[in-house]
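First up is the structure itself, then whatever we jot down about it.
Chain naming follows the written order as A, B, C, D, E and F, and within any one chain the residues start at number 1.
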Amino acid sequence: MDDLSVFTGNANPQLAIAICQHLHIPPGDADVFQFSNENIFVKINENVRGHDVFVIQPFSAPVNRSIMELLIMIDALKRASAARITAVIPYYAYGRTDKKDQPRVPITARLIADCITVAGAHRVLTMDMHAGQIQGFFNIPVDELTAQIIQARYFVQKGLGDLTVVSADEGFAKKARKLADRLNAPLAIIAKRRLGNDGQTEATGPMKEIVITDSIPLSEHKRLPNIKVLSVAELFAGAISRIHDGRSVTELFG
Amino acid sequence: MDDLSVFTGNANPQLAIAICQHLHIPPGDADVFQFSNENIFVKINENVRGHDVFVIQPFSAPVNRSIMELLIMIDALKRASAARITAVIPYYAYGRTDKKDQPRVPITARLIADCITVAGAHRVLTMDMHAGQIQGFFNIPVDELTAQIIQARYFVQKGLGDLTVVSADEGFAKKARKLADRLNAPLAIIAKRRLGNDGQTEATGPMKEIVITDSIPLSEHKRLPNIKVLSVAELFAGAISRIHDGRSVTELFG
Amino acid sequence: MDDLSVFTGNANPQLAIAICQHLHIPPGDADVFQFSNENIFVKINENVRGHDVFVIQPFSAPVNRSIMELLIMIDALKRASAARITAVIPYYAYGRTDKKDQPRVPITARLIADCITVAGAHRVLTMDMHAGQIQGFFNIPVDELTAQIIQARYFVQKGLGDLTVVSADEGFAKKARKLADRLNAPLAIIAKRRLGNDGQTEATGPMKEIVITDSIPLSEHKRLPNIKVLSVAELFAGAISRIHDGRSVTELFG
Amino acid sequence: MDDLSVFTGNANPQLAIAICQHLHIPPGDADVFQFSNENIFVKINENVRGHDVFVIQPFSAPVNRSIMELLIMIDALKRASAARITAVIPYYAYGRTDKKDQPRVPITARLIADCITVAGAHRVLTMDMHAGQIQGFFNIPVDELTAQIIQARYFVQKGLGDLTVVSADEGFAKKARKLADRLNAPLAIIAKRRLGNDGQTEATGPMKEIVITDSIPLSEHKRLPNIKVLSVAELFAGAISRIHDGRSVTELFG
Amino acid sequence: MDDLSVFTGNANPQLAIAICQHLHIPPGDADVFQFSNENIFVKINENVRGHDVFVIQPFSAPVNRSIMELLIMIDALKRASAARITAVIPYYAYGRTDKKDQPRVPITARLIADCITVAGAHRVLTMDMHAGQIQGFFNIPVDELTAQIIQARYFVQKGLGDLTVVSADEGFAKKARKLADRLNAPLAIIAKRRLGNDGQTEATGPMKEIVITDSIPLSEHKRLPNIKVLSVAELFAGAISRIHDGRSVTELFG
Amino acid sequence: MDDLSVFTGNANPQLAIAICQHLHIPPGDADVFQFSNENIFVKINENVRGHDVFVIQPFSAPVNRSIMELLIMIDALKRASAARITAVIPYYAYGRTDKKDQPRVPITARLIADCITVAGAHRVLTMDMHAGQIQGFFNIPVDELTAQIIQARYFVQKGLGDLTVVSADEGFAKKARKLADRLNAPLAIIAKRRLGNDGQTEATGPMKEIVITDSIPLSEHKRLPNIKVLSVAELFAGAISRIHDGRSVTELFG
């Protein structure tokens, strides 16, 4: 398992390239495209026998195609005799469907975990999942990074004086607590409710700045002046490097 | 397992309704839709505890969404304690990706079989798969119907005098042989080759009539005067009824 | 699967007996005890071939023995050819160990789910788990009841005038929200933190009344005047009866 | 996994010895025999802890014993802590039972794939299987070699002038197409049918030369003057060497 | 699961027919034979959808073919949608290979248990296995009958006066103890050793009568005057009937 | 897998320390304790990514807690990305519950094997199990040591002249035979029976010396003058060292 290989699907090739640059290796050579009948086709164009392979594929739009692409890439790599396959999923969609909060609904986050496992992945590397429990949906090791360090560093650099962290959802109260602790700031929780299953929430007033990451590509019409994008490429490159070398990933957050 | 329930996703609701009419039961009540973030949501709105449930979902466009919808519906039905779940897939996409005819490609037809099984389906009911071997990708029972009976009956009714069955692909030679036998007609095989992985084949001359089935919906721009659509609804209703009652499905083809 | 059988281990036989009384059936005849070498022994003393069996065993003290007892009973029932085995776990211990909130810790709630499944259970019936996501740790159907209905009814009967629901932990904010909604009362959230791994939290002032359930036996020294115990026996009996008959469990909460 | 070990059962020890000669290693020391009660016994006589083990065993006559021998050898090697076990199956019997072309028949080729996997093999190395889809019956990596290269080289060396490739079965049309392409020759397809389940086909006229390989031993009475046997030992040795070293097997066919 | 069906392979059709006579049902109609290439072929000739199927197949000579036949029949019945498949194995070969009493040997009795399970059997019905622990090699329910009742009844009927049970192997000492208890006779144990792996034991002097059962067919040359064959057909028929009806099998031994 | 790490739970830390001393490595740093609610908590305090980890945990009193501790430690190590986890179980409890010698009892020794496997162990190292067949309850490799060598060496050193080995149970007759062979002494077998399920056996007369090992800690009240404790630490250290290096464990007994 000497050789490190990084492949990417079509979900966020920019991020994959940036990660590879931090790792000082070229991205793996593969064809990943759709036939005219929408069937995704994958062909790995270089030998991966015995390699330690990482597939970078956040579940970005089109979400279901991104998921299928990841599964198919894993299958191809498994059958091509990769020694170890790590599914790198900077954004794990379907995170909210992680419990039966109504009768007769699915737990899709678990279903996808099972599909990833049955496809042949040996490990998962992800970031800021909707709930920590989703790690337990897997029986293979999961390393979960957090962008909070990057965000906290950014806010500290901005030198904002009087700061309050506001969680807009009770479900995120614990995560907001952690960010507040990192920033040494107080925490407020807004009680917001999803009404029905249509995904609508009440409108929110205008924001001065919205700080997001490049874990998924930003669609053209969302590239507004008040959007600040922080890159997670270095963070993921560091984790991949440490996983490959058998060094602690936790130390990244030290 | 007294109660028979039939549910449908968004892949071909017209076919599902037609099947239910043949079965003299209403389609099961369920919400199956996408949130604005493209996450598919499923909610079964009626009790299915101990029911014998059939989910009708061909892998029609958008293909990957249709597949994910089926998996998520199965997960919801499993967790809602259905006694038996049969995935009814009149058209099984990715059938051509059923072997490694090049190095380092996936066998997606097997991957999807595993996903269907891990989601919780107990059986599969499908039709005219790309290769008979795909049945062996499953370890759960598969009933595979064929539309050839319907097609053969149609050609016989047309009273075509001097008939030759032509297989446009060596891979389909065996199936064409069966149709030729049903029609008591000679068989010709055209040697056609897929060039590269782009799915392109050489153009074919104009057709007098193209006979297809309603296993997947026909897109608007393909509804041409020379397209004849035969319905498989009665065939599937017959199979579902026999599977539910424990009677032979083979007799349908007697 | 005509015959309904209910067995109990040593975790809470009183509750099991109360459930059986509501179901108008005697508890199943079984020996469940420890040899002098602490090895748990189980012997089912009546025929269960083809029966629909429920094993009532909350994970009460001694917790690890209660868990092992449940697993061993399931194994004995599986090998004795029970048609369906439902693990009835009114209190699911290790619920807090449901995520890796520190490096190199286990997710024991998932581990136990896997052990219950590998032992041979077909379903789980439980109540008020630490997090809804724990349902997703299982791939077998889980019915999760809630004692909130019983608690809400009790508080309504008390006719408390000016009521505020207080959640003492951000993690429980969502559950507290639900109770507040049931009682039509406002919600407050106290920010409390676990310090280190020793399980200690800050002391709380004296309570007027603490309302708990009989899901686990109350130890002698905790039977204080201000403890009010509400029984969940009728609730569980209702769920078992509905599961056995294939009727909706959700309607119980209608 | 530094150490490469090659073991053989009784199916084709000559081939195994030839492969080992090409690899410049002695065959592994093992007892593989039947007791007088027909129970196969296996004893590996040298340490294989952490070794990369290849077991050479075509499914030659007696077929069912050859299969069982392979499974038992894999079990012994797994329990002896081999790091990786590759089942090398130059001839995979039961390849025709790879689909349900009649009602209520088995798919034995899949069944055997499952048995090989459950016994503990990590990979399969085989040659010219009856259908490419059989690779999809496995979820472990399969490398499938082809003797067509050896055959094509032989025919080229013979300097046959005017050559036509004839496929005696529609099912083999695609394979025949590949050989024809290698030889730059035209292709003809004979329509032949299996009549019933007795394995009989119509007789064929006298052959000038029949070219086969040594993948299975040739029984005494079939050693006729017009039989030409080409050895696949070098081909298999090359593949084993490349699998062991993590180099591309595809390049063998370059 | 109303319908009871009994099928048989070629291992002991006489026993299967006798069992069916006791059950007052005809044996199921199936073709089970070998092609000239030794590939076993199975075709179930009647509908078994939803049936409760028992396959009677002791592991008699040719042992490995008998095992493969059972596995293939189970696969065919599973794919033909039998509701429940019970492998009825009156004689379980490879029972002695149930532990690693030497380094680097297999545990074939476990391997076969896994193959039976992966083929699709839901239960096993067997008799007098080499060691009780072999039941634990299965995770599906196993009912193990004993011919000791039949043997004890026969010895009692013979009215032998002064009786001593002798166990010719320490490993059988516990079973001999049980027979001795049934006959109210003393027990003696002979210390005999297997020397090496060649299955040879020391010769034994001439016997007056050897009492065996018809669990496997008696080969022609072993039909000696001093061989007494007791039938287990009624015993197995009783067990099958009880398993089918969900009644206790233990009571058979009451 | 260069790095060897040894961790211990609370079952026998003295033995673990002694083993580490023989291996010349410090025990791994981990917290393994119970919260006040009896939930076991495990935290591995050092990086184990890619390590070859051994967890030393005999199933000593409190037995069920010892078992759960082992399972939880394995889960934590698996999720912390250990390359290989070997469960070192010097004493495997529940060994007597290895068969169904009565109707409707469990086979707990198999159940625990499944739990160890599902938790994530890759191998087991144990000693003198109740029956050799228990190895077959696992599908992962098991190395079983025996203390008989240590015991035999001790008896030889004592220079006892006229020696007879007595087996107090028919079930142990084979093991006693082996010890007798090692000591070149005759063997006697006492017929002893367990009466009912209460674990009571008839009393035995006063012993001159009872020779046991330190595989489980000796409780205070059992430290009597006639108890001789032999250490198995060196034996286990030797086996761990050989497993880690890929050398034969069998040679230890040479």
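Throughout what follows, contacts are C-beta pairs under 8 Å (C-beta built on N, C-alpha and C of every residue); 3 or more make two chains touch, one makes a residue touch a chain.
Note that the coordinates shown come from a computational prediction; the quantities given were computed from them, not determined experimentally.
Colleague: By label order, what chains touch subunit C and subunit E together?
Modeller: B, F
Colleague: Count of steps on the shortest touching-chain route from subunit C to subunit D?
Modeller: Minimum step count, subunit C to subunit D: 2.
Colleague: Sort out for me whether A-B or D-F is joined by the greater number of C-beta contact pairs.
Modeller: A-B
Colleague: Per the centroid of Cα atoms for each chain, what is the distance between subunit A and subunit D, given in Å?
Modeller: Comparing mean C-alpha positions, subunit D is 43 Å from subunit A.
Colleague: With centres defined as the mean C-alpha position, give me the subunit C-subunit F separation in Å.
Modeller: The separation of the two C-alpha centroids amounts to 34 Å.
Colleague: Please report how many Å separate the Cα centroid of subunit B from that of subunit F, as a whole number.
Modeller: Computed from C-alpha means, the inter-chain centre distance equals 55 Å.
Colleague: In subunit C, which residues are in touch with two or more of the other chains?
Modeller: 79-80, 100, 103-104, 107, 110, 114, 135, 139, 142, 248-250
Colleague: How is the touch graph of the chains shaped: line, ring, star, complete or other?
Modeller: other
Colleague: Please give all chain pairs that are in touch with each other.
Modeller: A-B, A-C, A-D, A-F, B-C, B-D, B-E, C-E, C-F, D-E, D-F, E-F
Colleague: Mind pulling up the subunit B residues that touch subunit E in the complex?
Modeller: For subunit B paired with subunit E, touching residues are 123, 135, 139, 141-143, 242-243, 246-250.
Colleague: Inside the complex, what are the residues of subunit D that reach subunit E?
Modeller: The contact residues of subunit D facing subunit E are 31, 35-45, 48, 61-65, 67-68, 71-73, 75-77, 79-80, 93-94, 96-97, 100, 102-108, 110-111, 114-115, 118-119, 197-199.
Colleague: In the complex formed with subunit F, which residues of subunit D make contact?
Modeller: Touch residues, subunit D against subunit F: 3, 47, 49-51, 78-81, 83, 120.
Colleague: Considering only the defined contacts, which subunit E positions touch subunit F in the complex?
Modeller: Counting only subunit E, the residues touching subunit F are 98-101, 103-104, 107, 109-110, 114, 131-137, 139, 142, 144, 170-171, 173-174, 177, 187, 189, 191, 193, 248-250.
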